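Below, chain A partners chain B and then partners chain C, in two separate complexes.
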Partner chain A sequence: MPLNQKLPSPEEAWLPFEPTAAQPFGRREAAHLFRRAGFAANSRELDEAVKLGPQMAAKKLVAAEEGEFAGKMHSFAQTVLATNNSQTLAAWWLHRMLHTPAPLLEKTTLFWHSHFASSSAKVTDTRLMFNQNELLRRYALGKFEPLVMGIARDPAMLIYLDSATNRKTRPNENFAREVMELFVLGIGNYTEKDIQELARCFTGWEIQYGAFKFNRYQHDYGSKTVLGKSGNFDGGDSVKVLLEQPATARFLCGKLARYFITDESDLSPETIEPLAQKLRASDYTFAPVLETLLTSRLFYSQASLGKKVRSPVELGIGLLRSLEATAGLPQITDQIRELGQMPLFPPNVKGWPGGMAWINSSTLLGRANFVRQLVQDNDTLFGGISLEAYIDKLGWKTADQVVDSLSEILLAVPLPKDVRSQLVAQIEGGRDSRLTKLKKTVHTLGSLPEFQMA
Partner chain B sequence: MTTSRRRFLSTVSAVTAGGLAALSSRAPRFLLESAAYGAETKGEKILVVVQLSGGNDGLNTVIPFGEEKYKKSRPSLAIDGAGGVVKIENGYGLHPSLRACEKLLENRQLSILQGIGYPNPNRSHFESMDIWHTAHTKPSRESGWLGRCFDAHKDTLAKAIDPPGMHLGEEVQPLALAARDLPAPSIRSLEQFRLETGGDDQQRSVITSATAAPRAAGNDLLKFVQTRATSALDLSRRMQASGTGYKTTVSYPETPLSQKLKNIAHLIDAGLTTRVYYVSIDGFDTHSDQAGAHASLLDQIGGALAAFAEDLAGHGQLDRVMTLVFSEFGRRLQENASRGTDHGAAAPVFLVGSKVKPGLVGKHPSLDDLDDGDVKFHTDFRSIYAALLEKWLGWPAGPILGDMWKPMECLA
Partner chain C sequence: MNLYRTASRLPVLLLSVAALILSPSAPAADKTPREMMPASTIVYAEMSQPQKLLDAVLDHPTVIELLNHPDYKKALEAPQFQESLKVLGLVEDKLGMKWRPATNTLIGGGIYVGFDLPTQGVAILTKSTDPVLAKKAIDAILDLARAEAANRGARNPVSADKYKEVEFYGIGPVHYVNLGPYLVTTNNLLMTRQVIDTYKGESPSLASDEQFQEVLKARPANPTAWVYGDLRTIQALGILKTALNKKSDNPPAEILAGGILGALPDAPYFTAWLDVDPSRIALSASIPGDAPALAKKREFFFGTDGKGSALPLLSPKETALSISTFRDFSSMWKNAPDLFDDGINAKFAEAESQLTTLFAGRNFRDDILANLEPGMQIVVTRQHYADGSPVPAVKLPAGAIVVKMKNPPETARIFKITFQSLVGFLNITGGMNGLSPLEQNFEKAGSGAIYSSEYLPPKEGKKDEAAIHYNASPTIAIVGDKFILSSSKTLATELAEIVQKESAPLKEVNTALKVDGQIVRQMLVDNRSSLVAQNMLQKGHGQEAAEKETDALLKALLGLESSSLQLISKDKTLQVTLELKLK
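Up next is the complex of A and B:
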């Protein structure tokens, strides 16, 4: 890929990426799409995507349906909920990410989980966390307004924010503050007075016995002024006022761009603006916006390729999905937690900070050890067979083929030449069995800085 | 520490082929800054927090054995002067199970801050612990006092290689560390600082050299990860170099608390840039048959603190490590009908280090002036926090705690 390739201007950024001889849509680019829009892809999926081309491949991800899988997961969840064990529910979610036929839906649900963060550490009724998770999934690619309204009535969220009661004589500002700061508008786009007025709109919105209830005796029916608009607003009206603010679409698109395009916050407001306009024009519907994003020139530019740090979930589930590996779920869940991202347990209402914050000494070593443990465990199967048989089946015979194909699948950034030769030499030389050598190659690749990038 | 930093710097230079000077024009900013950070530091001050969960009985920790009222109030639990109390000064001494602290007192390494608490004491474990964790008497669960420091200094702290705070243990992470921008990891075992290769040294060296090999320009984020990965592998090597374990001549007791403090000593010695470590020990909610249980807990604390201080001193680290020991509240003066004690209010706080004001600090709370049967506080815990922030960690206390807390005179 040419270095110093010019980044697309704000006008060009969101135009569809059209492959050229100089910048083709090959397996590496397809792998980029799947790493961002899902949890990485295996060799067969990459071949299919390359045939479809970038536009169709992204459309397919946006349109993917869960089908029977949804029902299966639902009944699986009921068994888990009977035990009220939040750790097991987290494992259930990871299982879902691992096997879903609609990875973008799941990836976006995870985005909303960090955006509308609530934690099982405080919400001890696991069923409430499950219901919230279903809510996030229902609207993940759909409309924002019903999503926000759902969150405003969501027992898990209101319990998490100490907002299960909100009386007219003493409005609870906690939820209103997070709506302004973290959920809808973003910091700097409102005043303290707006928060107080918004809190009044939500008075009487209560949680009783784990369910939402509107208590009309506690609702303040007086006139409120939120962001310059006045009226006898209730919660729903006030959300409409917030969605009219241009800052809302900018804030959400900025966050989507950080999640799907790059951790580095140097995307200019001018670059974000066209996407924000698209979000407003679609009445805040996410599917078309994500399709634009995932097919854009910006998405396939140097501003995006290899410019994200893999989260622990992306790393763990991605490794398993890209090699079709199956391993013990409780163990995987445990390891992903140790790497710093336990689903259903975000660190606070701001969600996981992501990016460079994933990386420290213990998590980097933990990531390498995770890969080793997975490949060294004799119970781990790859496509139902051993790693050696799996690689043979894919037709990767020579050491060069093995290193190049594995790199293509596992790494977001190509290996430096001499590292590549070192790995090839490791397979060609030595007295280890081929299986041992292949395991070591995956372990080494999975320990390198390139593997930490998404 | 400085040696390893130099090694780290030389790695960075090697990686960027041409040294730091050559980097200057187009180098990623964070690389230069983290290098500068490494160059000037000789080891920043470190705070270790030991939390005693459940409400430690302060009156049987620092014992007013000279007072009649104490003996009368505690028919089965009182320990008198002849009962092996570690005498400090006239009429006051430590519980016999804190015998190991005698040496800390002799070495002027233990400060016993008396009568610590806050107004309108809350006797719920959960709520009082939140008050200590947030440093607010009306706590919101949003951030802890230490987490707020991390956020306030995130620009500097995020450049350091390791996270600013670290919790060691399997329990839920303490609220004290909760930050909005710089979360602290919870570490369950030191294995998390070792690259596992199943004893295959060749594999280790392949990974190490492949990680350090030069990368093409153009991806600052990759460079950042590479720098941290190189430093993590170096840390792993140092952790591993000591063979099966950390080299110390100090024999730590075989208790979970001791082993956690030993792990912290190991991490400090390995050169982590982490400023705050947090551990806790549970079991202090001694409502019935307190005597044996409490003695055993104090024995664990005394043994752990003494071994930790001796070990740190042996490694030349004691001068930069301060340990704070606190509980969410003390216990009632009058023992209950089950030979235990119920939730109380004020209690002593311990500081261990070479720069503490040694011995008893402040008056033992009066047994004749009680609030609902509990001894009263005379010093707010936030003035201890203020001292630790301003005079130890070097972080202004005002933005973290509010401006009303003057640092307590508890450091030397």
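Up next is the complex of A and C:
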């Protein structure tokens, strides 16, 4: 049964979701929260979230990552970086997503990676990509201004946008255009003249030997007029001007809503505006905005549930996290690349389009094969043990229990009755071992059209 | 090793193995196993004290560690393996004792195996030290086979028959027959009959073969296991000649084993033996080979008169690997058209052109290789990093090659110029990729000279997480007639001192190799964080699980002291010996 049959009005959309007897916050609702705010949850995490309730569960997800894990991941990365292999670094990131105790932070880092897209296909120094990744993570739930300032000085970004040099005699409009169109304002909220003036603000910003340098001899110290404001602006000043624009918060909140709530871009400006106000009021800090978003009535409404297509990363990491599974990451990286979402390799400066773009006849088959490979591989462990032992440990004894519990964890929408019956029969009958049958069940569930939705 | 695949076959294997090792009481016989194998046996192996091997392997701390390794335990969880353990449990119940002491008793008198070409038969002879237990065990096996068939609704699989008044049993194609104190197990009926004929003296035995007698006479005393292979039939068919006399398309294989492969087509037999005790495992193999004759085609491998010998192994501090070999690369290069196929020769020509450019216009074959004496010493050592200098996140070992020059004043100058050019080239290409430059230095070392280069320290970043290239400080050293090319200045300096002392070649040793297990382990410990990271990536494990697996592996390696390999070229024999020393 849908969580909330009634679509909330713009006024009610961002009010906190209060569970009732008719609309409880159970394991299915908790699974929805984790699928969106992270990469899905296992059975134990769902039970804990249900106990906490929707507000506290979201608050816990928004909380900062513990320092010990971050330190370990940093050390892990240093070893990976010694190989200067960007595919290995992508595998490192997937490992981080798989094991992080703060999945929302990682999910939001992935959001910013697509928003501020740079690709290892062009940026061949893996350390620069790692530094950018760390920058995105540092501010993923924090303030937008230092994030934009960091990106504007980020060597990987400037190399990717062919903006390693920006001289006053030939201001680089490419970077300025991306800042306005893709990073801060969105299309239609600026003029060509604004781009030219903004490019003057960033003159003298250079990359030398993989590091940002300010070349004062190449900076244009003259007066500029950006979006109606005039002054002797430098790059930092110009970012402040951009953040003062009402369109900025609307643009960012619109993207966040599409990422966390629904692929369908039918959320009206009126619906987005209260969230944008929240962002402005928090001085462009994302944690409180995301907390509002993830606890809102809209988030638990029909407009949200099952209204997103799982990205390849969400598909693979989500399946593993749901069942506390571990598997070889180089193979997972390869599979995710085949499905169109290789981390650190976005297709272009606009990032991944997402939504229905993930699905076509080829990727649909590829997704089913990906699930099969993950589940059938003898090296894949579930909570450190076999799938059979793991399911026994969870206390799912009968075929009905197994199918219902798995579908509750894995699927965003109810399992069709006929499919359920077939799966139960598959476990109860046949000559295969129980382990084989359980693997087949997870594979079947992971290949269903219902599993493609989050 | 695919443990799952192995595990899936275990029930069948267990039944067969258990049956193989049984030998019920029988009247004393005067025939030895080699007198019971047919004369047409082409491979014969014997292990007179198999329990010695079992004890040495299964009780070794390294094996115990490996058995406790999570991967092994995971394999044990496989349903097929569990099924096999159940079968083993049933056998143990019937015997009234655990499999280990039971096995030691049941095969205590030895295991002997032969392969007969005409019948395509394998015969395994086992001798028990306790006839009562042996009887009990064979009954248990036959009962299990009958019970397993009954469970499947199949008919009794155990058959009984007679040949020349000798009764034998069969389960499928496998046959069992008691001959004297031995239980003979064969894989087909023809072989069973052949063994019975030989036992009764109605057919000639392997023991009557002259070649076999000679080889047996020359074998070492009391080996743990010994194998003899008769190559005359294969030789007559010309199979090896056709396969091995082709021109090689693999230069490393030719350099490493070309001499042995060249000798094999003309060898009438091979023999191998294994010596095992709690502190050592040594495997040796030998074939007849006339080195002077072989040298006509492979002078680079054996030397002009077949007497080319390697220099002693070099042992600087913390040597992980040391190799010394007699190889005349100049001779190999000159004879390349006879040794290698056209594709490889084209690559040789291409390499020669490029190397001539690198060596400032000197012809690589005639001016460089031809100015080196045959032989090469290679060492790989654990690397240490000076206080305050960058320490790479991935710590690689240092490596060096030592060769002897025929004309030191001329050749040393060419090497020095080439080294300087190379460092300059690396600085230009490295600079284009943002690498720190190599700084060149010169210093005297006794009567020699050391030309080193070291990367300038990075301006930013932690010094203990430096890039991988900080493992290298390319260096050459020229000491008398010795030329040293080293990846590290420290190693080159140490070797410069060592090679000043002249040493005589090792008698009859063509190639020697030694690996120090504990230094290798220490190098892995130095890179523990990298190994953990690899585990996290390759298996997707969290840090804790990855550390546990890595530490288990490192602990297992504690039991390996060293391993060594020698290729010995005597007048009429080529012998390879691999020795593993255990702690």
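The definition used in the following text is that the second predicted complex is superposed on the first by the 450 of 454 C-alpha atoms of A that agree within 3 Å, B and C clash if a C-alpha of one lies under 4 Å from a C-alpha of the other, contacts with A are read in each partner's own complex, and residues count from 1 in each chain.
In the analysis below, a residue touches a chain if its C-beta (ideal position, glycine included) is under 8 Å from a C-beta of that chain, and two chains touch if they have at least 3 such contacts.
Quick caveat, the model's predicted, so the values are computed rather than measured.
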Clash-or-fit label for the pair chain B, chain C on chain A:
fit
Looking at the overlay, does A:P353 come into contact with chain B only (first), chain C only (second), both, or neither?
first
After lining up the shared chain so the two structures overlap, which partner does A:S433 touch, if you call chain B first and chain C second: first, second, both or neither?
second
Per residue count on chain A, the busier partner among chain B and chain C is B
For A:Q78, decide between first (touching chain B), second (touching chain C), both and neither.
second
Figure out whether A:R372 sits in contact with chain B (first) or chain C (second), or with both, or with neither.
first
After lining up the shared chain so the two structures overlap, which partner does A:L364 touch, if you call chain B first and chain C second: first, second, both or neither?
first
Partner chain in contact with A:E450 - chain B first, chain C second, else both or neither:
first
Expressed to the nearest 10°, the angle that the Cα centres of chain B and chain C make at the Cα centre of chain A is 70
Is A:S223 touching anything from chain B or chain C once the two structures are fitted on A? First, second, both or neither.
neither
Quick one: minimum Cα-Cα distance, chain B versus chain C, in the superposed arrangement, integer Å.
11
Both partners, chain B and chain C, contact chain A at residues none
Of all residues in chain A, which touch chain C in the complex?
72, 75-76, 78-84, 88, 91-92, 95, 98-99, 125, 209-211, 320, 325-330, 332, 378-379, 381, 384-386, 389, 433, 435
Can you list the chain A residues touching chain B in their complex?
3-4, 121-122, 162, 174, 263-264, 302, 306-309, 338, 340, 347-350, 353, 355-357, 359-366, 368-369, 372-373, 376, 413, 416, 418-419, 422-423, 426, 440, 443-444, 447-450, 452-453
Interface residues, chain B side, partner chain A - complex:
140-143, 158, 161-163, 172, 178-183, 185, 187-188, 191-198, 200, 203, 206-207, 209-211, 213-222, 224-226, 228-229, 231-233, 235-236, 272
So, in the complex, the side of chain C touching chain A is made of residues 4, 74, 77, 79, 392-394, 434, 460, 465, 467-468, 529-530, 532-533, 536-543, 545
